[in-house]
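Multiple structures follow.
Below are two complexes that have chain A in common, paired first with chain B and then with chain C.
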Partner chain A sequence: MSFIFPKWANTLPLKVAVGAFLVANAAGAGVWYYLTPKYTRVGYTPKQPIAFSHAIHSDQLGIDCRYCHSAVEKSWFSNIPASSTCMNCHSLVLKDDPKLALVRESFQTGRSIPWVQVHKVPDYVYFNHSVHVNRGISCVHCHGQINHMEEVQHAKPLSMGFCLDCHRAPEEKIRPVELVTQLDWKGAVNGKQLVHDWNVKPGQSCSTCHR
Partner chain B sequence: MRYFLTLFVLAVIGVVSALGFRGDKSRKPPRMAEIFPDLNIQPKLRPQTVTKFDGFADGASSRVYPVGTVAQKVGFLDNTTWEDTAINTGRDAKGFVDSNPVPVTSELLKRGQERFNIYCQPCHGAQGDSAGGIVKKLGATSVANLQDQRIVRMNDGEIFNTISYGKNTMMGYAGQVPVSDRWAIIVYVRALQLSRLGAKDDVPAPVLEKLK
Partner chain C sequence: MANAASMPHAGIPAQHAPEPNAVPPQIVVADPPKGLERQPLVLNGRSLGSLTDSIAGICEGRMPIWWWPAFIISAGVMTMMATLIAYLISTGVGVWGLNNPADWAWDITNFVFWIGIGHAGTLISAVLFLLRQKWRTSINRAAEAMTLFAVACAGIFPVVHTGRVWFALTPGYLIPAPNANYIWPQFRSPLLWDVFAVSTYGTVSLLFWYIGLIPDLATLRDRAKNKVRGFFYGLFALGWTGSNRHWSNYEKAYMIFAGLSTPLVLSVHSIVSFDFAVSNVPGWHTTIFPPYFVAGAIFSGFGMVLTLMVPMRTLFKLEDIITTRHVELMCKVILATGSMVGYAYGMEFFIAWYGGSPYELYAFKNRAFGPYWWAYWSMITCNVISPHFFWFKWCRTNMVFVFFASIVVNIGMWFERFVIIVTSLHRDYLPASWGYFTPTWVDVFTFVGSFGLFMTLFLLFIRFLPAIAISEVKGVTPQADPHHPLGGAKGGHH
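Here is the complex of A and B:
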């Protein structure tokens, strides 16, 4: 009678264990790395119908964010500017530039420019711009260095963990309200003092953001 | 085992090269929502999006007023003033009002400074003299100089009208600048003009000493 198991079978359990260990860890690492918003969202850069550059308008020309996103201090929603806002200037400069053909068409016909939305929280999340902007939280914390972007790119994960990190420790991010749209501002402030003086208490209970 | 390890390494390399790294630029919309829709996309309308609702023929979720709509109580601060009062139009029965109907305070002036620097400075420059205005730099010669005697002598009401509805090649700012801020901006424009109009005699003697 021959042996039922060949000799190499002695190490098989070990090999299976090592193999399973490797595969399980790789799968775990893959899920952790790839299936979170840090991967799925960050870097999303849709192609926009017009090559509008924040680097030119915000950084080079120094236009304040609120010239275009004029509702950001008043409303939960930060509006994308109407084509008439572009035409304020572009009826004077680059009047006949082909890059702006769509803006002129939209201005004349009243049909909206089909900008592609970049940032969006799920519909079950309650988000509000004005509470943040009027409490000294700058655009840069949630949108990155928009003023240096040729195309708008999703720079932060905007996941629940991301929101809560700041709601637990706003003193690290807070700054004087008039500097909110100065994305390059790097000065130092006494965050603890501001949080205390303005009585800033970002909610952490579920109903703050899920209502 | 060797085959397994080679396959394993190849698989890892394959996945990483196909999926890339965190933060890589990507043109495709984030996928998560489509695999598990959950409550991510609810049948409610968000501003500035597209809708298939039949009632909205142009397909826009943000609506504009129907043609001919007349607002009754709009405008200043608490929405209780009638639309055709001087504070909302810059006019009274006799024409453009002479001076600002809003009480001038230092807060109003501060607010005006902030708003001027957001909405007017790009063209008219930080001093209102249109030097440094970006549009002028690029060859648009028509931007008015707010330090001009003509505008110094202009009624507040007429400037209000210019901000609201524009003038010649300047377009109106009614959509971006609410009524209260328009009056605040006018206060600041007046302050800018005063800063250039001052004479030596206006400076108190002790300060004048120090300036020399």
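Here is the complex of A and C:
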């Protein structure tokens, strides 16, 4: 046999194998961590046209979620309030504050405030807000502690796995309907009893959410 | 025999005592009668060194003139396929002619066609090895290479027919891996079994092929005239020195891979047939499919082996190594498997009638006499009639005839898959949705392009690797047989 390779090449296959193993694992772990919604969506905090604080309105002042998102119990869609809703108070409170100029302009012209949507499921997902809040699934489960946020942030991954976790074990999340908008509520409840009494049967087939 | 003849008959006194100084009688072993003698597997008493020279010489010297136009055309055709696939992915599967009710057409036809072709390589490399069929050594290397290239061609079609091909790599769609969507493939679907069957098949075939290559790569390394060749052949020869230990490990590994590959010969195409047989479509839902598909796969595979080998042995002057006997034996395999395929065609019709299901019977009548009658009768002509020419020795030994017959076999087997897929689908349960599938130009040229890929890979294989297993062929030469007059034990050529 002719000598083609220098002596140090003897250990090279082992080094290459170990290196390839490490690189492959690092790549797998990287994909696992960085390319899933837990990383790509959670923490998304777009700059909004108006520095609206949920912490002030909801936590400090105690306004119920449904005062503004009024359709959430009746509709699949949880509406963004019209600027007239804002003006219910702000025609009196801070009525000349320059930070609210856009609200007043919108109210006068009828053009919408260009809010940036934070929570969005894909078009092929049919999510219905009303069916969830009317069966004791709180806002906090999908939106996090909005009532403590100065700026709205994407708090949960909202991946399909995230939905299925709850659809497979609704008793862990369910609560009395009147407590749905109490985002800080930490009480105990017999979830299994509620699931039974309200005949909650969250579907797990594809057509539950994809029609 | 010689011993018995020299013994005096017991009880009868010898008629004359042997003279003390007589020359001992010469023992003459008569040649077996000419009609019974088997032709050796390597002809013209080729020495071991000359075998190495003529096989290794192919990939060491310059390629003959014809190689270049062949390669340029093949590579061009392959590039055309790549372009058409890019067009398909960027536009959508609508560029193909398939649509309701024939949602599978040329794509899956081509897939089954190519995957079937691969089977001859595995049969030759694994089954014939375990059955001690020594004639396999002259053709196994190229047949296994053909298997790999056919699997590569086959793999393209199911992947691109999904349209959004990137999902093929997304965990949860084809690959069962935990993912944020909690999606898992449907484990009860034969389409998923197919993913595993084909990928296992490709992997095992590649490793088997590579293990068999190692001693020959070392030969090429040692013969290398320049550093670059020495480096690359040396790299892949994995430090082979030809020591006893290396050979011992090699033989064991080869046996293990032959054992692993043998069930794959049967399983892969059985599972491919499940893609159809597990469904409820009349014309697909039959239990004969697995053995029928396996026989058809080996039939078409040997057809393709002959299509490649017959020109190769002439162009590279390998007639001493790939002898007429090899070609004849392959023709006999084609005759046997072709007869099985013909039997399956008949049995399908019998069961369609005997089973008493009017839908099943309709599907088969429609197959032969419906709008696709021309495809059905092309298939029958190519697959049922043409192999029976190989009953005649003239047909098995005339290389021009064998070459064209092998092409006819592959045309027939392509039509078989087309007939099974399209004629069963185009008239499904609702007569209102019946239709007629017509391929588009993209369909046609993508299929043609897959031949470009296949031939490009095969031409590169001939260019860079020994197309015949040098070390194994030496083992079946007359010289390697200790009982042969030329064999080493009797002082013949070493």
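By our rule, the second predicted complex is superposed on the first by the 209 of 211 C-alpha atoms of A that agree within 3 Å, B and C clash if a C-alpha of one lies under 4 Å from a C-alpha of the other, contacts with A are read in each partner's own complex, and residues count from 1 in each chain.
Operating definition for what follows: a contact is a pair of C-beta atoms (placed from the backbone, for glycine too) under 8 Å apart; a residue touches a chain by one contact, two chains touch by 3 or more.
Fair warning: this is a prediction, and the values are worked out from it, not measured in the lab.
Visitor: Taking chain A as the common reference for superposition, should the pair chain B and chain C be classed as clashing or as fitting?
Guide: fit
Visitor: Could you read off the angle at the CA centre of chain A, spanning the centres of chain B and chain C, to the nearest 10°?
Guide: Result: 140 degrees, to the nearest ten.
Visitor: Answer with first, second, both or neither: which of chain B and chain C does A:33 touch in the superposed model?
Guide: It touches chain B, and chain C stays clear.
Visitor: Look at the residues of chain A and decide whether chain B or chain C touches more of them.
Guide: Counted on chain A, the partner with more touching residues turns out to be B.
Visitor: In the superposed arrangement, does A:47 touch chain B (first), chain C (second), both or neither?
Guide: After superposing on A, A:47 lies in contact with chain B but is clear of chain C.
Visitor: Touch check for A:188: first (chain B), second (chain C), both, or neither?
Guide: A:188 sits against neither chain B nor chain C.
Visitor: Between chain B and chain C, once the two complexes are placed on the common chain, what is the minimum CA to CA distance in Å?
Guide: Comparing every C-alpha of chain B with every C-alpha of chain C, the smallest gap is 8 Å.
Visitor: Between chain B and chain C, which residues of chain A are contacted by each of them?
Guide: 37-38
Visitor: Could you pull out which chain C residues touch chain A in their complex?
Guide: Going through chain C, the ones touching chain A are 179-183, 218, 221-222, 227, 230-231, 234, 241.
Visitor: Applying the document's contact rule, which stretches of chain B touch chain A when the two form their complex?
Guide: It comes out as residues 1, 4, 8, 11-12, 15, 19, 22-33, 38-42, 44, 46-49, 58, 60, 114, 117-119, 122-123, 134-135, 138-140, 142-143, 169, 171, 175-176.
Visitor: Where on chain A is chain C touching in the complex?
Guide: 1-2, 4-5, 36-38, 157, 159-162, 164
Visitor: Which positions of chain A touch chain B when the two form their complex?
Guide: Touching chain B from chain A are residues 15, 19, 22-23, 26, 30, 33-35, 37-47, 61-64, 66-67, 70, 77, 79-80, 82, 84-85, 87-89, 91-93, 110-112, 117, 122-124, 153-154, 178.
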